[in-house]
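What follows is subunit A paired twice: with subunit B in the first complex and subunit C in the second.
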Partner chain A sequence: MEQDLRKKRMWAYGIVGFFALISISTYSFNEYYIYLSVYLWFGFLYGMCLQYGRFCFSSAFRDLFAVGVPRMAVGIMIATVLFALVSAFVTATGLSTFHAAPTSVHAVIAGLIFGIGMVFAGGCASGSLYKTGEGNGVALMVILSISVTQALFADVAGWTNKLVPASWHESALAKGLPETINAGDGWVDQYLAGYVWDQPVMTFASTLGMSNESVSGAFVGNLLLGVIIPAALLLVVVYIGWSRTGFLRKRKKQQGSTGFRDELAGYWTMILASKRTAIAGLLLGIFCGLQMLVTQGLRVKFGVKNAGTLLERMGFDYGISVNGTVFDPGYWYVTTQEAQWVGWVFNKLGADNMDNIYFGFVNGIPNPAINPADWMSLALIGGAAVMALLHNEFKFKKPTLELATWAIIGGALMGIGSRLGLGCNVGAFFVRVSQGDTSGWLFGLGMIAGAYIGVKFFNWWTERRMAKEFQACEL
Partner chain B sequence: MKSGLWVVILVVAGFMGFMMGYSLPPMLEVGMIGGDGAEIGIKSEVSEDMEKYYSDLLKQDE
Partner chain C sequence: MKFEKREDVVYVLDVKGYVCPHPQIYTKKALSKVSSGDVIEVIFDNPSSGESIATMCDNTGDEIVNKQQEGGLFVWDIEKA
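Showing the complex of A and B:
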């Protein structure tokens, strides 16, 4: 036992040493690599936090809807509030790299598809990453499925063009995109340029006429009205629906009667019950804020607005978008880099996927070895692995055929939901809600509804299967 | 386990400290931090004549 722990600790040191070696050697080769190392080390920290806090939206909603345990769902809500608090500081100082997304019903639909997918897969986008770090083979299959589906879906054309409304097609063509981008061909292209881009971009602060960067906009508009009050109300719903009865029953046994003070105590007890996830959320918020700060500093130092310019200066011009950009959010993000590496593989295999908006106009498909956001995701898995190894929670788990099938189906739905919603449970919900972006809540509402449908479907499926098995036994 | 975690935290903190030290001075220099709300960003050395030349070029295109 003791020897096994020592071995695991050595592996943990080995992973840290590997990342340190990459950082030091690439920096000594070219100063610009420090920009990628920033992504690497913050990714590593995100991985540690996710593993520590068991930060998985799928587990949270499955626990809530299937077995009535609200602990992790409450933890995620508290984490969102704490992240928002840190974000308000960053935004008010004008250092945020965040851009709000268009708000419309598309976010709800995207969230719904994503929510169903994450329950089927048994892990959300962030949860699958940290679980892969714990040695979970099913989680790795989920990541592969999300990655491949996104890369295919972003470039889908042919018969899907017939499903595009004429108004989207005309609006997409009217955007006057560069000739290399075929905005009138491809479902996602026309959806983006012809519909999503026409929707309003709003934050809670901007709808109230405040600037996001002002103290009142960041703290009152985006934090208080955009996050704290809606989160508190959602927590009231969770308290009434899943926590209240049990708590009051206990209190009644102890005191004989209960009042409003007991209700408040019950609410507070529910909030405090999920300390680990909440602490992870606070740390994630602090690290995201720090990443924005450091990234902005490096952009000023190198005189660039996007990592694409640095890659070109280093001599890597393959896979850079027509705008000279690559995906470079400057904060925590999950799904786009997963689509990029598969997009890069497809491109190398001969696919012409640089004529679409997602890859060719915005994000590019740089070589994964020099893609900043890919460094972040790989290091995130490494960070989670280090945490799991040090806590003796690392174990290789081979996927069974049944679990692998669900992982692929769920991952595919998450991939589609991510592209429709311009992000996953992190990019489209957690980060957006925390920054006061109104579209974040819409994605979240869809995701909760999707998770509910997913859980109900799973219950029906399991009961049906068990009934069949019992029937077979009786025969 | 605890000592192992502290070793990892120390290494990560070392890299973080280096990156913070690397990125903060340029922001202080251009006034992004502690600049009393002064206009920030990368300054371009374009003269008024040059700006007029480019704006006239745009007019010709129209």
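Showing the complex of A and C:
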């Protein structure tokens, strides 16, 4: 037992040493690699936080509906508020790397598909990454499914063109994109250029006539009105629906009667109920904001706006988009880099996938070995592994056929939802909500509805599976 | 998934290998079927399910009377309220 723990500790130190070696050796080769190392170490920290707090967005909504447990919904709201607070400072100083997304009903539909998928898969996009770090084979299958589905979906054409409304087609062509980008061919291209790009881009600050970078816009518009008040109201709903009855029952037992003071105590107790989740939320919020600050600082230092320029300066020109860019959000993101590495593999196998908007015009498909966001995701898995190894929670788990099936179906739905919503539970919900982007809450609403549908299905499924066992036990 | 009766008032729910949300949903369903005072030994290896099961029991009043952990495997005895 003691020897096993020592072995696990050695593995944990080995992983940290490996990442340190990558950072030091690449930096000594070229100073621009520090830009990639920033992604790496923030990814590592995210992984540690996620594993420590069992932080999973899927669990937040699913466990409310499935088993009446609000701890993760609370943790995520705490993280969102804290990230928003740090972000308000970053935005007000003009160093934010964030760009708001178009707002329309597409975000709700995307969130709905994503929400069903994350319940089926057993974890959201970021949750599957940290669970892979715990040795969970099912989570790894989910990542593979999300990655492959996105890469295929982003480039889908042929018969799907017939499903595109004529107005989308015309609008996509009218955008006048470079010749190498065939915006009139492919469902996703026409969806993006012909529909999504025509929708308004809004933040809570901008709808009130304030600039995002102004102090009032950042702190009052986006932070207070866009995050703190909606999050507090959402937590009131969670308290009334899932926490209040149990808390007041205990209070009544202790003191005979309850009043408004007890309601406030119950609300506060719910917020502090899971220390691990709350601590993880607090740290995640701070790290997410800091990553923006550090990345933007490096962009100013190197005189670039996107990592694509740095890669080209280092002599890497393969897989860079027609705009000279690669995917470089400057903050926590999960799904696009997953699509990119599979897109890169497909391209190497002969697929012509650089003529679409997603890869060819915006994100590129650089070699995963030099893709900044891929460094973040790999390090996130490593950070989670280190945490799991140090707490004796690392265990290799082979997927069963049943779980592998759910992983593939759920991952595929999350992949499609991500591309429709221009992000996953992190990019389309957590980050956008924290920055006051109105589309973030719409994606979240869809995700909650999707989680509800997924739970309804699983309730039926488990009931069916347990019926025989209950009968055998005469229950 | 295996659910069986071990003794008169003791049941075993084995959900090893399952990820979220299976262990917590199976535990909830099993607890809803047994009688007050019965004990279910839940065997699982998905750490995050443990957090959900613990909070669920805290809300319902069911008591986790024994917790064991070894190498990523969790064995919890839950007594129904």
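Basically, the second predicted complex is superposed on the first by the 464 of 475 C-alpha atoms of A that agree within 3 Å, B and C clash if a C-alpha of one lies under 4 Å from a C-alpha of the other, contacts with A are read in each partner's own complex, and residues count from 1 in each chain.
As a convention for this text, a contact is a pair of C-beta atoms (placed from the backbone, for glycine too) under 8 Å apart; a residue touches a chain by one contact, two chains touch by 3 or more.
Computed from a prediction, not measured in an experiment: that's the story for all the values here.
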Touched partner set for A:Ser321, first subunit B, second subunit C, both or neither: neither
Touched partner set for A:Val16, first subunit B, second subunit C, both or neither: first
Subunit B versus subunit C as contact partner of A:Ser377, first or second or both or neither: neither
Subunit B versus subunit C as contact partner of A:Ala139, first or second or both or neither: second
Superposed model, subunit A: greater residue contact from subunit B or subunit C: C
Touching partner for A:Thr336 - first (subunit B), second (subunit C), both, neither: neither
Partner chain in contact with A:Arg276 - subunit B first, subunit C second, else both or neither: second
Which of subunit B and subunit C A:Asn392 touches, first, second, both or neither: both
Subunit B versus subunit C as contact partner of A:Asn459, first or second or both or neither: second
Touching partner for A:Ser418 - first (subunit B), second (subunit C), both, neither: neither
Overlap of subunit C and subunit B interfaces on subunit A (superposed complexes): 392
Residue ranges of subunit A in contact with subunit B within the complex: 5, 9, 12-13, 16, 20, 23, 34, 37-38, 41, 44-45, 48, 93-95, 290, 293-298, 300-301, 303, 386, 390-392
Subunit C to subunit A touching residues, read off their complex: 1-5, 11, 17-22, 24-30, 33-34, 45-48, 51-53, 55-56, 58-61, 69-73
Subunit A to subunit C touching residues, read off their complex: 1, 4, 54, 56, 58-59, 62-63, 66-72, 119, 122-123, 131, 134-136, 138-139, 242-243, 246, 273-274, 276-277, 388, 392-395, 397-398, 400, 403, 455, 458-459, 462-463, 465-466, 469-470, 472-473, 475
In the complex with subunit A, residue positions of subunit B that touch it: 1, 4-5, 7-8, 11-12, 15-16, 19-20, 22-27, 29-30, 32-33, 40, 42
